[in-house]
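Paired with chain B in one complex and with chain C in the other, chain A is shared by the two complexes that follow.
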Partner chain A sequence: MNRFYSTPRSEVKRKSKDRFFSVVCILIAGLVVLTLLTLLGSIGATGSSWLNWDFLFAEHREDNPEQSGIGQAIFGSVVLCGLCAALALPIGVGTAILLEEFQPRNRVLRWLHWLVQLNINNLAGVPSIVYGILGVTAFVYMFNWFPSITPNDPPSWEIGATHIYQVKTLGGQYVKFVCPDKNESALRVTEPIEAFDDAGNTFMINVVQSRGDAPGDPVLKNRTVLNGKLTSRYSEKTWYHLHLPFGKTVLSSGLTLALVILPIIIIASQEAIRSVPDSLREAALGMGATRWEAVRNVVLPAATPGFMTGAILAMSRAVGEAAPVLAVMGGVMGTTNGLTNLMDKSPVLPVLIYKWAGDENAGFENLSAAAIIVLLLMLLVMNSFAVWLRNRYEKKLA
Partner chain B sequence: MKRYLRTLPVIALVLGLSIGCEKPAGPTSSAGGSSSGSATTGGSSSAAPNSSLKGNVVIEGSSTVEPISLKAKEEFKNKFSAVNVSVSGQGTGNGFKALAKGECDVSDASRPIKGKELKLCQEAGIKFYEIPVAYDGLTIVVNKKNDFVESLTVDQLKKIFREDMAAKTWKEIDDSWPDKQITIFAPGIASGTHDYFIEVIGKKDNKGMRSDNQTTKSEDDKTLVTGVKQDETAIGFFGYSYFEANKDELKAVPIVNPKSGEAVTPSIETIESGEYAPFSRPLLIYANAENYERAEVQEFVDFYVANAAMLAKEARYVALPQSIYDAARKNIDEGKTGTHFLDAEGEKRAGGVTSIFVPENLGE
Partner chain C sequence: MTSNTATVTDRPSFENFRRRNQALGKFSQTLVMIALVGCGLFSLAVTIGIVVMLATQSVGFFYNKEVAVNFWQFLTDTRWTIGQTQGIPRYGIMPLVSGTLRITGIAMLISLPVGLICAIYLAEYATSSVRSVLKPVLEILAGIPTVVLGFFAIKFITPWLLQPLGDFKTFNAGSAGIAVGILCLPLVTSLAEDALRSVPNSLREGAYGLGSTRLEVTLKVVVPAALSGIISAFLLALSRAIGETMVVALAAGSTPTLTADPRGPSQTMTGFIVETFQSESIEPDSIGYYSMYAVAAVLFLFTFTITLIGQLIRMRYREVYN
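Moving on, here comes the complex of A and B:
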């Protein structure tokens, strides 16, 4: 009986142990915070002086850190993130609903269910570069089911692209005419044909035999072509331009990143669904609702803040991933025209940070730090939004 | 779920809008680019950019050559503003792979094409124009405080860097040098710089780079620079442009030219004249000959060749003699494709770029 009552001496010992442990905890926590603060401090110190509006909107300029910026990279990251959300959210939440709310009773199906669940849990821990390699096979080349994308030939399947020929006139400008056959890569101008210029004027091309025959009038000169001049094809692309296979493009990167975050979204959504009390479900079923009605009208509304938080946290992972993007799209630092459709290449923030950090011009190290600040701010905004969403919707439910 | 379904069109709309909005931003930024660009390039781009040429130019390959191609892209924008040029540096080997698959218009290379890669191109029916664009002088550096090393011969370098010799102290290299440990900072095996160095000091005898506790290898040139900077008895090597950017803090070792027997310090002049041997290498671009028929690729490659000397200098490399650029130009004009650097057996020719890049060496 006596041993259940502590003597004053042992109580001192226990209290001091307790204090010791809490001090250790505080020290460890302090160490983590200190490391983080040092990191943030050093990044802030090197990068903050480079942060300005020009930096946010300019593009990368080789060997010229003063005029370089992250405009294209921010836009690329936002588009990539949007793609990811559009692809991974519906699939992720749908899978979570299936796994949680429609659990099978049949033995074989139960085994299958268990297998899927096991795989998802494991996939969440797979390094993202592995997904990058998968993305190259599955999206860039699409298992070689289609001929690969080359700059010379039009893809075997595409929408949103018009093939146009262009030919250099004696005036040095290029005039265009519509491509009659998309498989004809180049043809020679031998007789007058109808063409148009960038201003939208339509006219007949004059064909002359030698440079000496060129008309003096500059407007006419720009509508005159040497006989036999080779014309070449390019394609005018709309914003919804798509082709198969996807090639080394933003869409391939987006799909790959969606794969990276899919398991995370599924697990977070499952957690959200599980946290909906069974009593709500049972009440709905008791009122005569079908399984789907119960899920749609009761479980989903209650779990939505959980979905949202999971989704936004997954998105912030996607925004910060460099490895899969590097594997799929390559280390693109900028394109001349920027991102005009999903079949373009584009720099994204993490890749640009990686490339800048290793640049031989030391000035880019500072820019890299500045870009990190922007990326961190983006992540902070996204995470705070997640917290805000959770708080707001949870209050409403209560 | 309903809420999600409602947000989807919104996301799509925002995406569409933002993509739509991006277009008008193009000309404004290009206008800003042209004003600053023409200040550096001078006469070549004084005219307003021609926006009537359209299309895509895809460049892949060496990250060493990437700076030159990026410069070309920037300057080309001042001439033809509507051509979309994309450059991605994933390594020389990957660039040749893309070239053989026809996936790129131009492939950047920090070494000439290898027999195996040439075979891949031939099998795929790909022909290419070989265009040397710049020199890179591999620079051997020691700490600023190192006062005993005045020059090194290739044989001494072998003693320092080769796995079978691997000298422990400086005294083993030269009796008059102190009995201090040699610390080595060298590029890792994945870099073209490593390949090139080994080719000079060990390939004949089939020997590789040493790797022991005195050697640090890194793919990151910055690690090498810092390493040599902080260690008084260290030696290391990397590309000339990297030394140029750090020349106040490092000392470049003059290398004894095996032919003339004179010690030559790497500099833009000595690399250009070929005196700095055998550690200067050509950087090249390979243009797909079929793709060259496309107007935008033609204009871009023509621009690249015509301005290669200036572009090389802007990217801190050393320009090649004008005769090389002229020879490359002539090959393109006459439609002569293939490489100069491999002989009929597919073996790499020995010598400097000026002696190799001659018409009689050109083979399909």
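Moving on, here comes the complex of A and C:
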């Protein structure tokens, strides 16, 4: 072609500009790939040698990074993630159904509908730390409606906890009793009370005025307490232990994270409902189904894989989210008893990574990187599962 | 004939059954609608809850028993000394805003051009084999938790990238800004790519037919047509960068400074909030506690306005093609 038509100068220029831009594009794309590789490479280089079987099950140890691990943090993350999904999923799917399937005709309601939709998109843009503050106000302190929890006193409203006082008898053993007034932190034994010992025997405590009055019989001596003897208190908590306000606990964090992922779940569920072809709905309505029957029997089953995909992606966001948890629960790195009920604190992976990364002492940098590797692997598994789910059910519907 | 009479006698009971069933169906439908509307209102309640909480608690910052903070002083004073024990306390939010703007500025300088070019490349230039590499890379990047990028900023970007270049401190705004930029990049790319892809091919073909090069088609036809989507992508990335917390908390340090120098430490609004929550010394009902809400209110105002503008731009100026 060029043999017959001389190419105008400007065209050469224009084409070389085009070629130049595509080179720029390739370079920038290469830079992005390089960034990811550097990111993963630097983390792998720092952390992979610290990754071993013990690391997965051990607890955090301040003094000894080599023996530290992420056992509690993994458990905490899994519990937290399940908790927030269980809370956010029903509300999220409900909102999505409302927005997609029940579009009102009334003018005021339509305006409200539009407002809810706009609001959800805005909620998705609210920084997670603001949700953290909301969590602190609404769940940890509950707007100060209840007396605040102090470390020494049990909360004013609670279930699933028994406060047991124990006192040392003249025989040297400890006997225990349950006191109706749980707010007394320094109770003194002044009169006979019903008590029990470790063997489970129930008896009345025998109160004497001085050591000289102690009975000779060793069994009786073990049930005898000096008048005015100071008791100590401890609490036995069941798995359903609950108190108000929730305080800095796993439940508060779960509720807060549920708020964080709610808009994500709603938006993903809306997409899932929108992807159900209209012909299915129309067929159901044509058979005489009501709107809700059509939704329940036709749309929801068809959209369920989409809901699940969205839920998993939202959960993977929740697993990596550190700021709200840090705000609500504080920088917990380990607890002595582990996570036994929802009113406990627990470390979670991102918070532990944050605390370790900020620790200047030798070894913690490597620990942090090793924990990041585990976290990224968890996310990889979750996301692969979501993709698998999507691919599997997409084909069936089409 | 006998069968005919049987149907006649049967019909009323069948009708009754149907009517009862319908009544039950209507009742359960009403219940379901109430539940669904409740779900929808819940999300509104969350927003209202955030606004009311920030408003009422911020009042405690300006009217409390410890010290009365002047609202004008809060907006204009150039020092922020909450959390520091010595000296006269100063409550000017400017240093925190400056920290946020510095880091956001660096992040936007990186993520907007790179993100837009990546989006153009993916939508207009790339072959399917390149797409199959670049797309998953961006998806992985989008899924990386922010605390991991914070780790990357403090352990890699600062010592290996920035400190050889100049006098960067251990905690500096530059590394945090770069990491936040990396964080925003996939967001910009995916939203901008969606916007570019929604431009119908007929426009492109028209321009090609007139003899345009690919670059001209992209810059003069496709990008202007997708401009509202691209701008809303930029705004979403901006609000994301302003609200980013963990990267900043790890890499930017905890000294509020009012400069434009990216080499020194800086504290952002989000960084301050997280720092305050962590320190056990802050008690409820103290000035430090209320200051958190005041800062959060400013932060929320920033991000909410930007997101809202982004939403409205997308709704109003979206070019509709048939």
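Note that the second predicted complex is superposed on the first by the 319 of 398 C-alpha atoms of A that agree within 3 Å, B and C clash if a C-alpha of one lies under 4 Å from a C-alpha of the other, contacts with A are read in each partner's own complex, and residues count from 1 in each chain.
FYI, contacts are C-beta pairs under 8 Å (C-beta built on N, C-alpha and C of every residue); 3 or more make two chains touch, one makes a residue touch a chain.
None of these values were measured; they are calculated from a predicted model.
Asker: Under the stated touch criterion, which partner chain does A:300 make contact with: chain B (first), chain C (second), both, or neither?
Answerer: A:300 contacts chain B only, not chain C.
Asker: First (chain B), second (chain C), both or neither: which does A:172 touch?
Answerer: first
Asker: According to the stated criteria, A:330 is in contact with first (chain B), second (chain C), both, or neither; which is it?
Answerer: So A:330 meets both chain B and chain C here.
Asker: Between chain B (first) and chain C (second), which does A:42 come into contact with in this model arrangement: first, second, both, or neither?
Answerer: In the superposition, A:42 contacts chain C only.
Asker: Figure out whether A:146 sits in contact with chain B (first) or chain C (second), or with both, or with neither.
Answerer: Neither partner.
Asker: Does chain B (first) or chain C (second) touch A:196, or do both, or does neither?
Answerer: A:196 contacts neither chain B nor chain C.
Asker: Just to be sure I read the superposition right, which of the two partners does A:358 touch: chain B = first, chain C = second, or both, or neither?
Answerer: A:358 sits against chain B and chain C alike.
Asker: Which partner chains sit in contact with A:133 here, chain B, chain C, both or neither? Use first/second/both/neither.
Answerer: second
Asker: When the two structures are laid over each other on chain A, which of chain B and chain C touches more residues of chain A?
Answerer: Larger number of chain A residues touched: C.
Asker: Is A:385 touching the first partner chain B, the second partner chain C, both, or neither of them?
Answerer: In the superposed model, A:385 contacts neither chain B nor chain C.
Asker: So which bits of chain A does chain B touch that chain C touches too?
Answerer: Residues common to the chain A contacts of chain C and of chain B are 90, 148, 330-331, 358, listed in rising order.
Asker: Looking at the complex, which residues from chain A come into contact with chain B?
Answerer: Contact set of chain A toward chain B: 57-63, 67, 71, 75, 78-79, 82-83, 85-86, 89-90, 93, 148-153, 164, 166-168, 172-176, 185-186, 197-198, 230-234, 236, 239, 248, 296, 300, 304, 329-341, 344-345, 358, 360-362.
Asker: Which stretch or stretches of chain C touch chain A in the complex?
Answerer: Touching chain A from chain C are residues 25-26, 28-29, 32-33, 35-44, 46-47, 49-50, 53-54, 57, 114, 117-118, 120-121, 125-126, 130, 133-134, 137-138, 140-141, 143-152, 154-156, 182, 185, 213-216, 236, 239-240, 242-246, 249-250, 270, 273-274, 277-278, 280, 284, 292-293, 296, 299-300, 303-304, 306-308, 310-311.
Asker: Which residues, counting only chain B, touch chain A once they are in their complex?
Answerer: Touching chain A: residues 1-4, 8, 11-12, 14-16, 18-20, 22-23, 25-26, 29, 36, 50-58, 60, 63, 67, 70-71, 73-74, 76-77, 81-90, 101-105, 220-222, 241-242, 245, 288, 290-291, 293-298, 314-316 of chain B.
Asker: For a test of understanding, state which residues of chain A touch chain C in their complex under the given definition.
Answerer: On the chain A side, the touching residues are 14-15, 17-18, 21-22, 24-26, 28-29, 31-33, 35-36, 38-39, 42-43, 46, 90-92, 94-95, 97-99, 102, 115-116, 118-123, 125-134, 136-138, 141, 144, 148, 259, 262-263, 266, 290-293, 316, 319-323, 326-327, 330-331, 350, 353-354, 357-358, 365, 368-369, 372, 375-376, 379, 383.
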